[in-house]
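First subunit A sits with subunit B, and in the next complex the same chain sits with subunit C.
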Partner chain A sequence: MLYKNPYNNYFDYVVQRDLDRCIRCKACVTQCSYGANFYDPDREMIYSLDANCVGCMRCSTFCPTDCIRIVRNPDAFRPNANWKDNNIKDLYKQAGTGGIIITGMGNDKPFTNYWEHMVIDACQVTNPSIDPLREPMELKTFLGRKPERLEIGRDGDITTKLAPQLVLETPIMFSAMSYGSINYNVCESVARAARELGTYWNTGEGGLPKALYEYGRQTIVQCASGRFGVSPEYLGAGAAIEIKIGQGAKPGIGGHLPGEKVLEGISETRMIPVGTDAISPAPHHDIYSIEDLKQLIYALKEATRYEKPVSVKIAAVHNVAAIASGIARAGADIIAVDGFRGGTGAAPKAIRDNVGIPIEVAIAAVDERLRQEGIRNEVSLVAAGGFRNSSDIVKAIALGADAVYIATSALMALGCTLCQQCHRGRCAWGITTNDPELARRVNPEIGTERLVGLIRAWSNEIKEMLGLMGINSIESLKGNRDRLRGVGLSEGELQTLGIRQAGT
Partner chain B sequence: MGIRSSTPYGKDFGGCGLVGIIDRAGRPVEGAMIVSSLCSMKERGNGLGSGYAVYGAYPEFKESFGMHVMYNDAGARETVEGLLKSKLALLHAEPVPVKKVHAIVDPPEFWRYFVDPPAPVAEQGEDVVDDLIVTIVMEINERIENAYVVSSGKNLPVFKGVGHPDAIAEFFRMQDYSGYLLLGHTRFPTNTPGWWGGAHPFTILDWSIVHNGEISSYGTNKRYVEMFGYKCTLLTDTEVVAYLLDLLIRKKGLSLSAAAAVLAPPFWKDILLMGPQKKDYYTALRVSYANAMLNGPFAILMGFDNGILGLNDRIKLRPLVVGRKGDIVAIASEESAIREVIPGPDDVWAPKAGEPIIVTLKEGTQR
Partner chain C sequence: MKVVYPREQWCVACNLCEVACMTEHSRTKDPLKAYLTERPRPVSRTKVEYRPPLAISVMCRHCAEAECVEACKNGTLTRNEETGRIELDQDRCLGCWMCIMACPYGAIGQVAMHVGGEERRVANKCDLCPDRDVPACVAACPNRALVFEDRG
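Our next item is the complex of A and B:
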């Protein structure tokens, strides 16, 4: 029998070090939180244990002499179109451990990316494009239930009172990431950025640390199946409440926060003992039907005196349109749909990579269904799941979303390199770790600045794109599929997305 | 009404000239007047579409709905007439009188029908009657091939087709008509060949629209009105404006000025500076009817049974000028078109971007 697992030799990365340049400063050793670099005092040399390297680029980034290169391990398995490297490695791993493979971040498999098959229209001659540097360009977005009609009083005044709305200065919000899956410094960076930008951040299912209550007006507080951190004060602190039914990275299962990450502050906020795994149930055990969801929506509205919009977040699954319609009819003010490229702090790899549908088609299907039923205006649609840039967002809104949630890209603004080790709690970039030494690597002041920078840049690009479409307000882009065309898509795909072939 | 349009896409763009003339005292304005006004702007069009709406042209049938239907194929007429007879009381049917004109090649056939709602529907009130008429118009436009409803209001015929404004006027014998409010339009379509159904004005019930510009928000607006059963079938973006107005004013109960504030709302930066009452008012309108906002360059004139509304886009990317002389008010793309019909006006001005110009008949005026 094998005494050694073949996986051990076929690790993903090799750390190459140019010894002429290396000054033995040990920066790479201290920066690596996975033990891939070590210093041998006897030989006064730095070596690497390549098997430990996760390819996060922390050491190569911080090497003062730029002597490190992280390269893909050239020592690969015999090429096999069916048995790809990851299939083989996962299989060995599981044979050795008998465990479910857990991973972090979003689905990385090469499914069709529909954003890359859609192009945007522009004005030429017949309608002038608008220059956002010279003319007003409006991104202000309202999320919440809109009245079917406004009643006008005798003196011409509007007597209908608007339902509570979230008011966004740009149609981009920070998606749910729980305190615990990310550390306090990251939460604070996101919360401060939301305030500075005039948008919202979402607590995820980990509760709201007391020190962040001051950002309550910019906060969407989540109520998930584990009810971690849910209390009357918590519900009262937020600007809106979100019931989390599902998450794009792991539809149909609950949240996972490994016990290693449950330290003092997290334990207090989540109201669970230190070191225990925080595994939220797959379903809400008080929601086994749409009627039950309705009860929870109204219970939360009652608890907050109908002053806050209630959102329901679901993963994009095959029947997403019908589910969304039910949610709208159950009284939700906002529906958040999370596509299968959405990130996670921890999810079984088999589920992350194979369950759910792309957010592009989910937006198209939900928007169309709600329109067919004449209830599209009763509810706002927020799309989530792998937005990488401003054009993805423009296309999402043109397909029918009111706004988007971003999380992976927000973490990337803070340094994340998508190494997919979030579940291990050892994030070398100090993001998905609660180790105080590592967490210090995110400075909330600088973090805020970088997040604000990213969203400002994207907002400016969105304005430019609206301008070239001859539109000076984001509401005229919503559901405006006429301004999109498909390239390289089948008839069925075009039809599902509700767009036409380019050139027609 | 169904919930899906059979033609989910299609629109065209254009430059255009437009004019509206109203006598606030309700006196008839000669059809020839608007023709000469419009012809002064002939170069704004390219001969691929012109048309007129004449409010008050059918005094003998003024309480009945006058349906003008265009047939590209004679066979469609039987189907349409069958439908009208089955759903409505048909009082009178005749071909629209036309004159053979050299410049007009191969015109479709036009018929006009005067119809009343059946008594059981009429008893249910005006709104139900109007809904029935809208449903029938949508059904003809969408389901009956080669038949298109050109106008469907009371006392409001529309004459339009492919040709320069003078040729279309001659073809439809505009000199035989007069009315208290007239709209005219000459078209310069750039993307699609002109077709008779694509000429302006577009009407639904008593609303009629002429439009210069492009609705860049067309996809948003179209999908919005479709939620309420309207079907955009005429391959042009202007059509959606007519349906939006019908929706906002007739179905949602907004005043004209409120509807104008929905179509071309103030910018948020300006709303922010308003007093609390006005701020709430405009915020509520923008938030509630965001999908009805028109974006892109436009000047539109909208006729209704009691007057006319002129409106520009929010940054005035198309011209619109107003002139007044006594009770007569003219709104047009160019000042020259105004001076053509009211020489020596008391007042001429260009309204600001997004500022609605609403001119109604004087109180107590008989139409």
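Our next item is the complex of A and C:
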């Protein structure tokens, strides 16, 4: 703790190294981007500065003799049910800095996870289940405004003029992560995976690097309150445009990209000077009402000749259903709702951990409201914020989502271990950093394969789950809440989710 | 012929290629013993040149026109006409280091070996792991910064 303020010296992890098995290869030293491991040439040994360790486990996974263990610091404050360790440490930190605590990734607090309180129905005896390995199973999903009715011409063709649609081979898209918050190699991995999978990725609010324009047909381009990187070419390059109103990790505030991460390429794409913080305004200053939103939606549609669906992304908040209804009536083709477990590259911790609502209840509330108002067909509903596996997705679709966005899971496929240091720009896994030396750690060849692997695996599992419900198309699952039951939920929770208690 | 190509844009300087090379060319094939107890100590035949932010693992290129073979005075270094590989017969090496001087890539090093009870130093370089399908360094690289390819 020499030269350190003792109040700031309560650290979270300890790097344990079995010196009998350490071969001094220095893999752990070069891999740690936080300076936690170092080689002492005088003693010819590798040591660690535990206070610098963020628990990302880059070193322990790279150690060729498995001699490193990252363990929780056993140092313990006196147990106190009211004052948990993180409350105490955060308080000390703030007393020392006078600053807002910034963090990365999604809400990590133990709120009820409703996915874990919902179970899926299956066919037995009287209704046949379907074997997806032997029979056709359709995951194809169309996002966009659907007509109230279809008119078929004499030759069997549809004569109704259809609104532009996004066509997904699987109901999973890559959610908005801006170039800058993640580096170019990660953007390229995600874009290539989207193309290979027949789905879409989202630029986030950082613009689209010129070299990725070739993936435009698989790209949803975002237009956020900072308008970073928005140009006619950018809007023209994407398959759809998304207006970002809010983000699940930080509802009510704009995007934050710390200046440390704004390097050359990011500066060019965002059209801002190198090294400046890119802090998006909290609201869109041209949107103070649904009518204003409508103007922007139609301005974007006009700018792209009504050829692309326009999505509006909001954070899941208390009145999400009413807001979604307003967005639908403002002319959006897609509504993306981001729950409070959604990730972020940087957000004030107090906001990330306390603002917003779970995506499970938001899907249920929005779908229900749009149905009641008879406008469910006018918009597609995309859910985001904390999807961890295929069953979460099946449940989301059964609750009423048309498709889901994943981002945290996608980054985890690239190596992310949820160490929550994204805002520091020193990601040891090479994901949320633009430092060229660290960014090399994501090789897009490998990244693409791993993302494709993940989505293929989840898609296969979704098919299996559809099959056991006797459903052969994802369309038949949408809003099919009868296939869900709640376990361990209160009457009010069941009612909000619109599902019945298991056993009834 | 297939040789190992470094792709420096993906090298993360983790040194695992060196660990793998050293282990593969050890007596025990065990990284712990190779590093800590084997004597003479095996030496990696690839070297991670790390000058942040640049990093690249450098090993013998098995050149079509090999300067080392030209420089070698006693036939320690030869081209295997069948495989195209540049082979180094350590038993013949006299330790004159002309090959080290000649190699434009700095890919030849030295290693200690026991000859008739005495330890002497001889030249050391990549042999493309004749006992393996894929050289050890390529198999160990976590980021495909080393690839085993025939680029004609």
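Operating definition for what follows: the second predicted complex is superposed on the first by the 488 of 504 C-alpha atoms of A that agree within 3 Å, B and C clash if a C-alpha of one lies under 4 Å from a C-alpha of the other, contacts with A are read in each partner's own complex, and residues count from 1 in each chain.
What we mean here is this: contacts are C-beta pairs under 8 Å (C-beta built on N, C-alpha and C of every residue); 3 or more make two chains touch, one makes a residue touch a chain.
Note that this is a predicted model, so its numbers are computed, not measured.
Superimposing the complexes on subunit A yields a three-chain arrangement in which subunit B and subunit C fit side by side.
In the superposition on chain A, A:Phe142 contacts subunit B only, with no contact to subunit C.
In the superposition on chain A, contact is made by A:Lys26 with subunit C only, not with subunit B.
In the superposed model, A:Gly425 lies in contact with neither subunit B nor subunit C. By the touch criterion stated above, A:Gly246 is placed in contact with neither subunit B nor subunit C.
Of the two partner chains placed by the overlay, neither subunit B nor subunit C lies in contact with A:Pro171. Using the contact criterion defined above for the overlaid structures, shared-chain residue A:Gly345 touches neither subunit B nor subunit C, since it reaches no partner.
Between subunit B and subunit C, B touches the greater number of residues of subunit A. Of the two partner chains, subunit B is the only one touched by A:Arg481; subunit C is not.
Of all C-alpha pairs linking subunit B and subunit C after the chain A fit, the shortest spans 37 Å. On subunit A, the surface touched by subunit B in one complex and the surface touched by subunit C in the other have no residue in common.
Contact residues of subunit C toward subunit A in the complex are 9-16, 18-20, 31-32, 34-36, 50, 52-53, 55, 140, 142-145. Residues 21, 23-27, 30-31, 62, 64-65, 430, 435-437, 440-441, 443, 445-446 of subunit A are the ones that touch subunit C when the two sit in their complex.
Those residues of subunit B that touch subunit A in the complex are listed here as 3-4, 8-9, 11, 13-15, 190-191, 213-214, 216-220, 222-224, 226-228, 251-255, 258, 267-269, 277, 280-281, 283-291, 293-297, 314-315, 317. Every residue of subunit A that touches subunit B in the complex is listed here, in rising order: 123, 125-128, 130, 135-136, 138, 140, 142, 146-147, 149-152, 156-158, 160, 162, 165, 371-374, 376-377, 398, 469-473, 475-483, 498, 500.
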